[in-house]
Structures are given as structure tokens and as C-alpha cells.
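Okay, so chain A shows up in both of these, paired with chain B first and chain C after.
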Partner chain A sequence: MVEGFFSRGFRGRRRNQDPALPPGQYLEDGFPVLSAGPTPHTPLEEWDFSVVGEVDEPKRWSWEEFRALPSEEITRDIHCVTKWSKFGTRWEGVSVDTLLDGVETSAEYVTAYCDGDYTTNLPLEEVTGGKAWVAFAYDGEPLEPEHGGPARLLVPHLYFWKSAKWVRGLQLTAYDIPGFWESLGYHNFGDPWREQRYWGD
Partner chain B sequence: MVAVRPRRINWRLAEVVDVVPETPRTKSLLLEVPGWEGHRAGQHVDVRLTAPDGYTAQRSYSIASAPEDGQLALTVDRLDEGEVSPYLTDELMVGDRVELRGPIGGYFVWETKDGGPLLLVAGGSGVVPLMAMIRHRAASGSDVPTRLLLSSRSFDEIIYHEELESLAARDDGLKVVHTLTRSRPEGWVCYGRRIDAEMLGEVAWSPEESPLVFVCGPTPLVEAAASALVSLGHEPARVKTERFGATGG
Partner chain C sequence: MDELRLDGNAAAGPLGEVFSFEVTTAEYACRGCGRAGRLGEAMVYDVRDLGIIIRCPGCDYALIRLAPNRDRYLVDLGGTSYLTTG
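What follows is the complex of A and B.
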């Protein structure tokens, strides 16, 4: 904050008086799309989801096996680092707790890896305990490719780049390995309530 | 691993030294930013407005100027329903100050040392970060073969039209191709439709020439252009995209 400065003639629209809106965010009704490259289109018969890395035994599900896992309906607010937030988004997905059920690991971190070579890193405890899902439906419909379909990670309590689109697996790691945006200037943890947008925030 | 705590990108005050109308909806703000450390073409800044009662609103804007330019230029597209862009385009005057921080972003960037050939594809104000690349190329005397395909709604809405014409006229390897999607002046000889695979097949470098590709614009344009380029055989990893939604600003 530059102390005492205000913008001559600016009044604003008072859209972010809502206590559910993290600092610096504004409310968005649409669902903007952001991604760093072309949208991948992996056919479902080629799609799989894996849990690998520091685990006793890797796990793998085909699309059919994945969809046969118990799923949950999730309604959460989401917050994008590009400043928009969207309230009450409705998803359906498989809890990461379900995917890690029975996995023996000493790992403390996880890297989500995706089609298109995107990665994002998270502390394991931020994706367990009912905090994260692999979502395959949005607003009652199959997740569209441009929004990350067939399936994306959903970690709604962190900035939305952590909710990696086109996710194909989780790699459990002993060390924290910065992912794609985390290596390119964006914050390693990404808590919207602490406005952790960029390196050093 | 060595724990490095990166320096925070702090807010600072920039002074408006010029306001340049680019199109009926678009203006460039030329800013003097004390202590600006420089940027790479393609990066953006966050701009924050503060009302007298402390209410704030912030948005991201692409940098339009080359790193070599003396002032920082932002080109702002006025969104009628926006909260920040109408202030920047209608209210802000020379001598006013505006709070910003940056530069931000390390992916959608190009420097002459990255080489080429370079294919730039833009819709509307999506040309802004690509213009920073084109200006950087010109300012550093680079002859990297570069093609820009720019989609605008109408002739009057082509951003940087004259500057692009004069840069292309230098005949140093920059080619600019326009398409107008809504209305075209009489005798218009460039394209007159939305960007599609056929157009890209005619304008783009072939996949064998493995261009570096930057696509920026509204989501439907980016989706169409990026998908078409992949279908034409371009390697997805060489196609970098940046999108903006229909709302916001």
C-alpha cells in the first residue's frame, strides 16, 4: 500500500463489500477461461488417473474405474489469481481422500500432473481431509474441455491455478517441487485470503 | 534445496505523462514509473484504484511498451460494465498518479534471444502484449521473421494500425495481416471473417519451420486459433496462449 494515496475521481462500484470475497478480488458471474496453451482433448478410452511417487504401490484407474468410485457433490466459492471470484460453483467429483485411501506414504507434498505438461504443487495436507477433489462435472454437466474436462483437480480454498485442469495423476513427493506457475513468478502456496498471488507476497 | 525468499513485488505510484487514444474504445496510458527495473515483452502489471474511503479495485493489464522504451505503456480497452477500465480510459489525465505493481508473469514472454520465426495471433486488445514483442523486436534491431495475424471488429477498431503499418514497411521481416469480423471498408483486401484453420494455414509459418507461437485474445478466438494450429501440425508446447473473458475489467 502506498500510504495515503487515493485515485482522484474514483468511487468504485462497491462490489467487494461482501465478506466472502478475499482481498483484491471482484465478483464474476461468468466463468472465464485461462490456460497457458492449447486445450488438450484426450479420448476417454485413453484417459487414466494415477497415484505415483513416494508410495508403496502406485495406483491407476481407467475412466470407467474412476467413475465407479464414490463421488460427492461440492458447492464452493472459487478465486482466480487474475482477480475474479465466483460464488457457489457446483461440482461433482471424487475426493482426493478416496483416491489416496489405503496408500502408504511418508510424502509431505504432492504434484498434480496434467495433459499439456502442466503441473502444480501442494502440501499433501492441503488436498486431504475433505479439501480437494478430482472433479468431472460442473453445474450438472460433464466438465467441458476448456474448463479442464474430462477431469480437473478442485482445491477451492487456494487460488484456482492450483485446481489443475486436465489432471491425470498425483505424484507424492518428499520435497516441495514448484509447479508450472509456481516456477514462473506465482506464489508457491496461493492462499487467496492472504493474497498470496506472486513470489514474495 | 536452498530456501530462497523472493522479493515481494511492491505497489508503487506511476505518473501519467500522456494519454493516447488508439481506437474509439481504447487508450494507451504512458507512465513514468520511478525505479522501474524493466520488464520482458509479454508481461503485465496489476493496477489498483483506491477510493477516498479506502475501497480498492485491482485488475491486470498487459504492458504494451518495449523494455527499451523510456516510459511504460499500458493499452486499456474500455469495458462498459467494467469498474476499472472506464476510470482508466475516461477519468485519468496527464499528471494523475496510478498505483501499480509488476512486472508479472514469466511464461507468455518473448525476447529476441528466443529467436523465431515468430507467429503472433491476436483478437482485439489481445494485440497489446504482442505489440510489446513487436516493439522490442524493432527497438533491438532484430530481424527475426515475424508474422502478426490481427482480428479486429472493424477498421476503426484496429489498435496500433498506423504504427504496425510503418513497422511492416521497414521491410525487415515483419508481416502484418488483418482480418475484420464485423464490418469492412469498401475495397478491403485482407480477410473478412473470424480466424480459422484455413486462414492460419495461409498466414502461419508451416509446422516444419517450427515457429514460436503466441495467441492472445478473447477465449473463443484463442480456443479456435490454438486448436487450429495444433490440427495443422504445430507442436502444442510451442503454442503459448493468454486469454481474457468477455467480462471483468
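What follows is the complex of A and C.
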């Protein structure tokens, strides 16, 4: 998309010495938009969020029910595999712990699925214990569609492609299923501190 | 007797020929909806250094996915049921 070409123009100042910057990253002041497909515009009255797969009983929330869940303010640094990092991003969202509360499962992996065909896979233990959220606000405003609104996954300790835009649910699985980018050469785990960009890193 | 089963090098000639073609006029059929078209008329999402996704204009199915991978590319043609060489 054209936005890809234009956003390549911006480059934040280099602060490679900054201990908060993972290896190979540079600091970005803007918020580049990366989309692998058309931006969905699901009306809120049709939106829902589900927990499915290896669970005793699937769970589902309408937008209203989802927004009635306890939410948290989250301030975290984010790191994109295309080498930009952004410090202190402010989000509001529902903890994945809250969404999985009471779910009985033997699953060890989770696939986040989205409007469109995007998926990303994570070990279940990387999205539990206060490490991941389903975010619906950014910088005090409802999350814009181009940034993944109405809601996106937020897993700030991993490369940002794991923070799936337009997320609609979590599928709990016994086996690890590589997602959209993970099946196309990108690292299955994606830890920015270990610079896990590609297969074999 | 396996004389008909050769290793991949034996296909190098024809494959090399096949994989250097005029892409814009190449024709495809979409695995999502069956629609046939020219690659030059499909929709391209250039995901800012992450990859390039070519989608069907009829159903948004990802026809071809391309990602840089160190000093090479990874290509997934799985969204096309065929692709003509030019």
C-alpha cells in the first residue's frame, strides 16, 4: 500500500546506546501503520470476541459485554521487527487473564484470529500472567481502524506483529500452528531482546 | 528402479526459465474464489519492509505472499491454483 512507501520516509533519531532499545532497533516518534490486507470495518453490533478450541466450553462476548469487563491502563515500549521501537505507548484493554478466567484447558498454544485472514501464534504462557491484553484504546482515544480498532491484541514483550490487529478471538490449541508471518520466514517466537526476527535466529 | 526420480538439480533448467517471466501479464486463478485474472491487476499490500501481499481483487484472498529473509526472499504462491509464465 502507498502508506508503506511513505512511512519508510520517517526515521526516528538513533539511540542505539539506550538500554531500553533492543538490539538492531531505532527509536520512532510516529506510529507507522503496517497492514497486510484491507482494513476491516466491522460494525460494533456485529463484533464479538471468542475463546474457542481446546476448551470445555467456548466463550463469547458482544462488544458491550467485552467493554463491561474490567480493563487496565497499560504503558509499554513496543518493538516492530522492521526495526522501529516506540517508547511508552499508552493503551487501555482487557487482560487476557480476564478473558481466560475460568477456562479449563490442556492447550499449550494459542492462535489469535482476526477479521481478514491474519493469525498469529503464541505459547499460552506468553499471553497469561499479565503479559497480554486485548486493547480497545490508544493514547486515551478509541483505537482507530488503521491501528487495529475496534480491538487488537497487545503483547508488548514480543515483536509487534504478534500484537494482531482487528483481533476477534483466541483459539487454544494443543499444537503450535504458525501464523501469517510465522509461516513466511518470520521467527515463531519473536523475542526482540534475542533479536528473533527470522527462522533460525 | 527409480530412474525417473531425479534430484532437484535436474529441474534447474526449466525452473530457472519458468521463474523469470513478465509478472504483470502473468495470469492466475484464485484459490479463494476461483476468479482468474492478470497479476498486474491484483491488489498489492506493501507492508513496510515486512513483506508484500498480493490479493485477489474479487475476494481479498492472499494470492502470493513475499517476505524478505536476510539476503533472500520467501515466496508463498499457495493462494493461486495456477500461474502462467508471462
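FYI, the second predicted complex is superposed on the first by the 187 of 201 C-alpha atoms of A that agree within 3 Å, B and C clash if a C-alpha of one lies under 4 Å from a C-alpha of the other, contacts with A are read in each partner's own complex, and residues count from 1 in each chain.
To be clear about the criterion, a residue touches a chain if its C-beta (ideal position, glycine included) is under 8 Å from a C-beta of that chain, and two chains touch if they have at least 3 such contacts.
None of the values given here were measured: they were computed from a predicted structure.
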Touching partner for A:Y175 - first (chain B), second (chain C), both, neither: first
Which of chain B and chain C A:W193 touches, first, second, both or neither: neither
Which superposed partner A:W161 touches (first chain B, second chain C, both, neither): second
Touching partner for A:T39 - first (chain B), second (chain C), both, neither: first
Partner chain in contact with A:G24 - chain B first, chain C second, else both or neither: first
Partner, of chain C and chain B, that touches more residues belonging to chain A: B
Contacts on chain A seen with chain B and repeated with chain C across the two complexes: 1, 5, 7-8, 32-38, 82-83, 116-117, 181, 183-185, 198-199
Residues of chain A touching chain C in the complex: 1, 3-5, 7-8, 32-38, 81-83, 116-117, 161, 181, 183-186, 198-199
Interface residues, chain C side, partner chain A - complex: 43-51, 53, 55, 60-62, 65, 67, 69-70, 74, 76
Complex interface listing, chain B residues touching chain A: 1, 5-9, 11-13, 46, 48-52, 55-60, 83, 87, 91, 96-99, 104-108, 219, 223, 226-227, 229-230, 236-237, 239-248
Complex interface listing, chain A residues touching chain B: 1-2, 5-16, 24, 26, 28-40, 82-84, 116-117, 146, 175-176, 180-181, 183-185, 197-201
